[in-house]
Amino acid sequence: MAFVKDILDGTKTLLTGMKVTLNNFRKPSITSKYPIEKIEMSEAFRNVIVLIEKDDIQSHDCIGCKACERVCPSFCIDVDGERPEGMRRMRATEFKVDFALCSDCGLCLDVCPTDTLGYSKIHDETGYNRSDFVYDLLDPWRDAEGPTVERLRKLEEEQAAAKKARTVKKAAAKKAAAKKAETETSKETTEETPTNKNDAENNDA
Amino acid sequence: MPSNILHFFDNFWLAIGATIAIVMAYLSVNAIMLIWLERKLAARIQRRIGPTRGPFGLVQQIFDMVKLFSKELITPDHVNRVLYLIAPVMIFAPVMALCTLFPISATWVFHDYSVAVVLLLAISGVNILAIFFAGWGSNNKYALLGAVRAVAQNISYEIPLILSIIPIVMMANSLSLYGIADAQTGVPYVLLQPIAAIIFIISATAETNRAPFDIPEAESELVAGFHTEYSGMRFGMFFFAEYSNMIIVCGLATVLFLGGWKGPYLPGPVWFFIKVYALIILMMWFRWTFPRLRFDQLMKFAWMVLVPLALINLLITTFVLKLI
Amino acid sequence: MASRFDVVQDAESRDTYYLNMGPQHPSTHGVLRLKLHLDGETILSVDPVIGYGHRAHEKMAENRDYLQFLPNPSRVDYISGMIYNIGYCQAIERAMGIEVPERAEYIRVIANELNRISSHLLWLGTFLLDLGAFTPFLYAFDDREKILDILDRVTGSRLTYCYGRFGGVTLDVDDLFLQQTAEFCTHFKTRFALYEELVIDNVIFQERTVGVGVFEPDLIQKYGVSGPCLRAMGQANDVRKDEPYGIYDRFDFDIPTQMAGDCFVRSLVRMDEMRQSVRIVEQAVKDIPDGPFIAPKVPKRIRPAEGEYHFCVESARGNFGIYIVSDGSDIPFRLKMRTPSFANMATMPDVMKGTLLSDAVAILGSIDIVVPEIDR
Amino acid sequence: MPDIIVYIFVVLTLIGGIVAAVARQVLYNIIGLGISLLGLAGLFLNLGSPFVAAMQVLIYIGGITVAIVFAMMLSIAMSLLPPTPNMAKRVFAILSGIVFFVALASMIMGTHFNSVEPAAQAAWSVGQIGHALLTTYNLVFETLSLVLLLAIIGAILIARKDTSTP
Amino acid sequence: MTLHAYLLVSLALFSLGLIGALSHRNLIALLIGTELMMNAASLNFMAFNRYVVTDPTVGQIFVLIIIGLAAAEVAIFLSIILRLYRAYHDIDSEKLVELKG
């Protein structure tokens, strides 16, 4: 009786299905109650970009080079920078991100020469219109911009001074070396390499 | 014999008014609670939490009711106004009438009809017309397709439904719900007539248009089927009717197969409602487990499986009853 | 009064009518529009109308350089975005001859296969949703969520990944990632029993799918069917085996095939593919070497030499091809994407003819289309 | 049961009948038929036969009306345009109806029926009907079953789709 | 209500059925008219059963038989309508004058 067998087999599969749902009925719920329970965002979580504070200058280090603005596929970054008076280093004067356009690709982070771009940990931005998502990334740094520039200038002056001193020292050393070279060629290498090394390190920083 | 509700009231109209009030109040509360139950049950099966407003999420249903009531009742321009407006009322009215037929306990019954089973089947047939009016009156292809499916499905499943009831009627020797429930002394008929019980619960699921037989409103095919064009409380009426219909068919199954109010220790009405809601939970369990059948398979299932089985069952019952 | 009743009429015949399935319809998974010509419930002809979700990705490629196009491929098919994103990277790498470090290749394989599993799980859920069962959808999403959490930890996104870079990936994976992945694989292998009991073995599911929507063999030639739909027709065709890209030739895996070509075996093939993907992930997790995760020397300007380049990968839906015509500048002259959903969906008029309306929904669900991929 | 309910049923029957007879949309005809049948069922109830009333609702409203509705849906074209009324035909029909009504009404009013005392309400039971059907009226019962069987077979044969026609 | 009242209601229903059957051109409307007439007959049977006949089951059995016959009639009639519709794409009784199937 194929007919009866079909019915019995079908019934068996249906009962198996009901058994599965019953088993799941007995298990605890796996939903997380989102607004009540906070959800930890992962380390790599991508969201609206922010400017990261750099330890050595105690502020962001955006130099307004526009590399991110150029690479952005969504054209949502708007950067401007200018050189503060008497400084060699540029400073960003404007950094706006239209997050409504951003596609979280992370290319701006890749191209940033000073590595000052990072992701924020906010994950629940809301707004009533699109202009609410235009973020001014310089906003948290604006108040301290004056002192920062001062500090930077000082830093730069120090660096410049150090460099100058180094060049002077170098020149002096060269002179001395030249002098010495005439007399003794074997000492030259032992004295000159450390200074060169220092120089290189300072330049990198 | 149970006492008729007319015995409690001197005035005929008072009795009718009281009956309507009781039934309306019960059905409204019941629908709200069933929606809550279904949501919670589905959530547990799917390992979710379900509604969370208020204690156990109960307040959620009140919010939903308020929302349904306060929504604008849109009457589309292209509908057939008479049918469109009459359908939501018409689908709800028979259910109310049917609720009065059930014997809740040995003494609690509104009115004991000698042909209550036939009457119940007869009036529940009016539902089909209401669904058809909704679908045709909406003047929408999805709604029309849903209505066609609903009519065909309901006609087909009425036959196994009736065929599965007849053995019970034969065994109880009565067409009255009270009589049938009363005849089940000791052993409920579900043990004596398991095949009839299975056929009944399947056909009842199909009659109430619930999954896996919900093709008239199959949301993945017909958007919302026959109530596509309804909004607000008019849609709410269809919703109400679906849950109230579940009460009717499960109440009928309780009386026919589970012995109605009978059970040890607890009083009659408690047993009655325990059985009814257990059956409703079973129907909800079906819904959240199975995929939907296709239209022609549904028909084939009714005509090729259920009807022959019910007929064989009927024949066997007849012979056995004759021998005894 | 008369005009109120003319909805069901059709200009040519009084017995048939047109029904719009979509662009806004619960089972077209997006904004696909199927114009169905119906006689009762029987489909006489189907006219797919596409383009509602057209976003001009190929044109966008002609207006930005190769690097800037990087976020786009994963938007084409957002459900298996990782495969598209990495596939694009691999295409450029092959064009430019960039060497990819070993570790990056392994990371890519793990990410790709995890993404393939998550894509198939989403298909399982939505397919069952089309068939009217809601619960398997949430069970599938439970597992999918685990994959997304794992990928989220390293890629930072959950859906439209932009994880690949020319020459590697953006971030290295840590031991925790590998451990989580291995744990997921062991867990997921136990879940197959659930899906089989609840879905595949279910008599209603089999009734709805067996013998429904059979792909005739001539459709392969006619439309270029690929992916699970093709493998369900008995063709062991898989880009990962046929022309292995990346390091797929190092892994031991099978191509599941079935003969019948109907909705049911398409589901079986996809279930088997998930098993194979788990196998690949387990091997990759075991063998992953140490080393850099991105090539140290990537040319700053991506300028493929003048000419044409073609590269194809096996996405979750089939053969995804990228065809680049370069004129030697850093902006592609033309970039064409061959998307599997488009080819698979193009068979619909042939496959759906003569079936019922409910079958149309099942067939559409079973070929697993992603509408933005069709429209691009 | 108070008399007013009986009058409600009478009014239902007649209004439904009027709608069924004169409305031009077939759909409204069907609704009218349904209302009229519902009223009739109520009258049967009042005449002391809940069983026949239930059967009336079950078979007529649940079965026949729905079948007509179904047939109407399957032959949709006629609902598109109500046929242009043939005035002469209408007038003739209404006149003949009125004439028929007046003639028979005068005859009914002029006749005196030997009215017996109405039998007690519960003087019969469903069992009795069944018993009568299987003994005294067994031939009618069997003939009816045969007619129904033939009707089913005939209906299937007639309405079956020809596979040969293109 | 007296017997005469029932008979008058039944007569009115019959006349309405007659009007419906005579005035409509649509086959389904004709069928509805016929149904009304049959129901008028049923009402007559029931009324006589209640007021005139001593055996209360006879009239009911007649009504049941009428209902059964009506069901059979409707089944056949509707299948004919469907057949006609399929052949002629119309079910207007005045247009169906050919006697060829």
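Labels A, B, C, D and E are assigned to the chains in the order they are written; within every chain, residues are numbered from 1.
Assume a contact is a pair of C-beta atoms (placed from the backbone, for glycine too) under 8 Å apart; a residue touches a chain by one contact, two chains touch by 3 or more.
Just so it is clear, the structure is predicted and the values come from calculations on it, not from any experiment.
Asker: Chains touching subunit A and subunit C alike, please list them.
Answerer: B
Asker: Between A-B and B-D, which chain pair is linked by the larger number of C-beta contacts?
Answerer: B-D
Asker: If you average the CA atoms of subunit B and of subunit E, how many Å lie between those two points?
Answerer: Taking the mean C-alpha position of each chain, the two centres sit 32 Å apart.
Asker: Could you give the separation in Å between the centres of subunit D and subunit E, each centre being the mean of its C-alpha atoms?
Answerer: Centres of subunit D and subunit E (C-alpha means) sit 6 Å apart.
Asker: Distance between subunit A and subunit E based on Cα centroids, please, to the nearest Å.
Answerer: Whole-Å distance between the two chain centres: 86.
Asker: Between subunit C and subunit D, what's the gap in Å when you average each chain's C-alpha atoms?
Answerer: Here subunit C and subunit D have centroids separated by 60 Å.
Asker: Please list all residues of subunit E that touch 2 or more other chains.
Answerer: Where subunit E meets two or more other chains at a single residue, that happens at 89.
Asker: Do you know which subunit A residues sit against two or more other chains?
Answerer: Residue numbers touching two or more other chains: 14, 17, 20-21, 24, 30.
Asker: Quick check: what residues of subunit C touch more than one other chain, meaning two or more?
Answerer: Residues 5, 8, 14, 135, 139, 142, 198, 202, 204 of subunit C touch two or more partner chains.
Asker: Quick one: in the complex, what on subunit C touches subunit A?
Answerer: 64, 67-72, 75, 135, 139, 142, 152-157, 160, 162, 165, 170-171, 194, 197-198, 201-204
Asker: Touching residues of subunit B toward subunit C in the complex: what are they?
Answerer: 42, 45-48, 78, 80, 139-142, 144-145, 211-212, 214-215, 218-221, 223, 288-297
Asker: Show which residues of subunit A lie in contact with subunit B when the two form their complex.
Answerer: Contacts found on subunit A: 7, 14, 17-18, 20-22, 24-25, 27-31, 33.
Asker: Which stretch or stretches of subunit A touch subunit C in the complex?
Answerer: Subunit A residues touching subunit C: 9-11, 13-14, 16-17, 19-21, 24, 30, 42-46, 71-74, 103-107, 110, 119.
Asker: Given the complex with subunit E, which residues does subunit D contribute to the contact?
Answerer: Checking each residue of subunit D against subunit E gives 3, 6, 10, 13-14, 17-18, 20-22, 26, 29-30, 32-33, 36-37, 40, 43-44, 46-49, 51-52, 55-56, 59-60, 63-64, 67-68, 70-72, 74-75, 77-78, 83, 86, 89-90, 92-94, 96-98, 100-101, 104-105, 108-109, 113-116, 118-119, 123-124, 128-129, 132-133, 137, 140, 144, 147-148, 150-152, 154-156, 158-159, 161.
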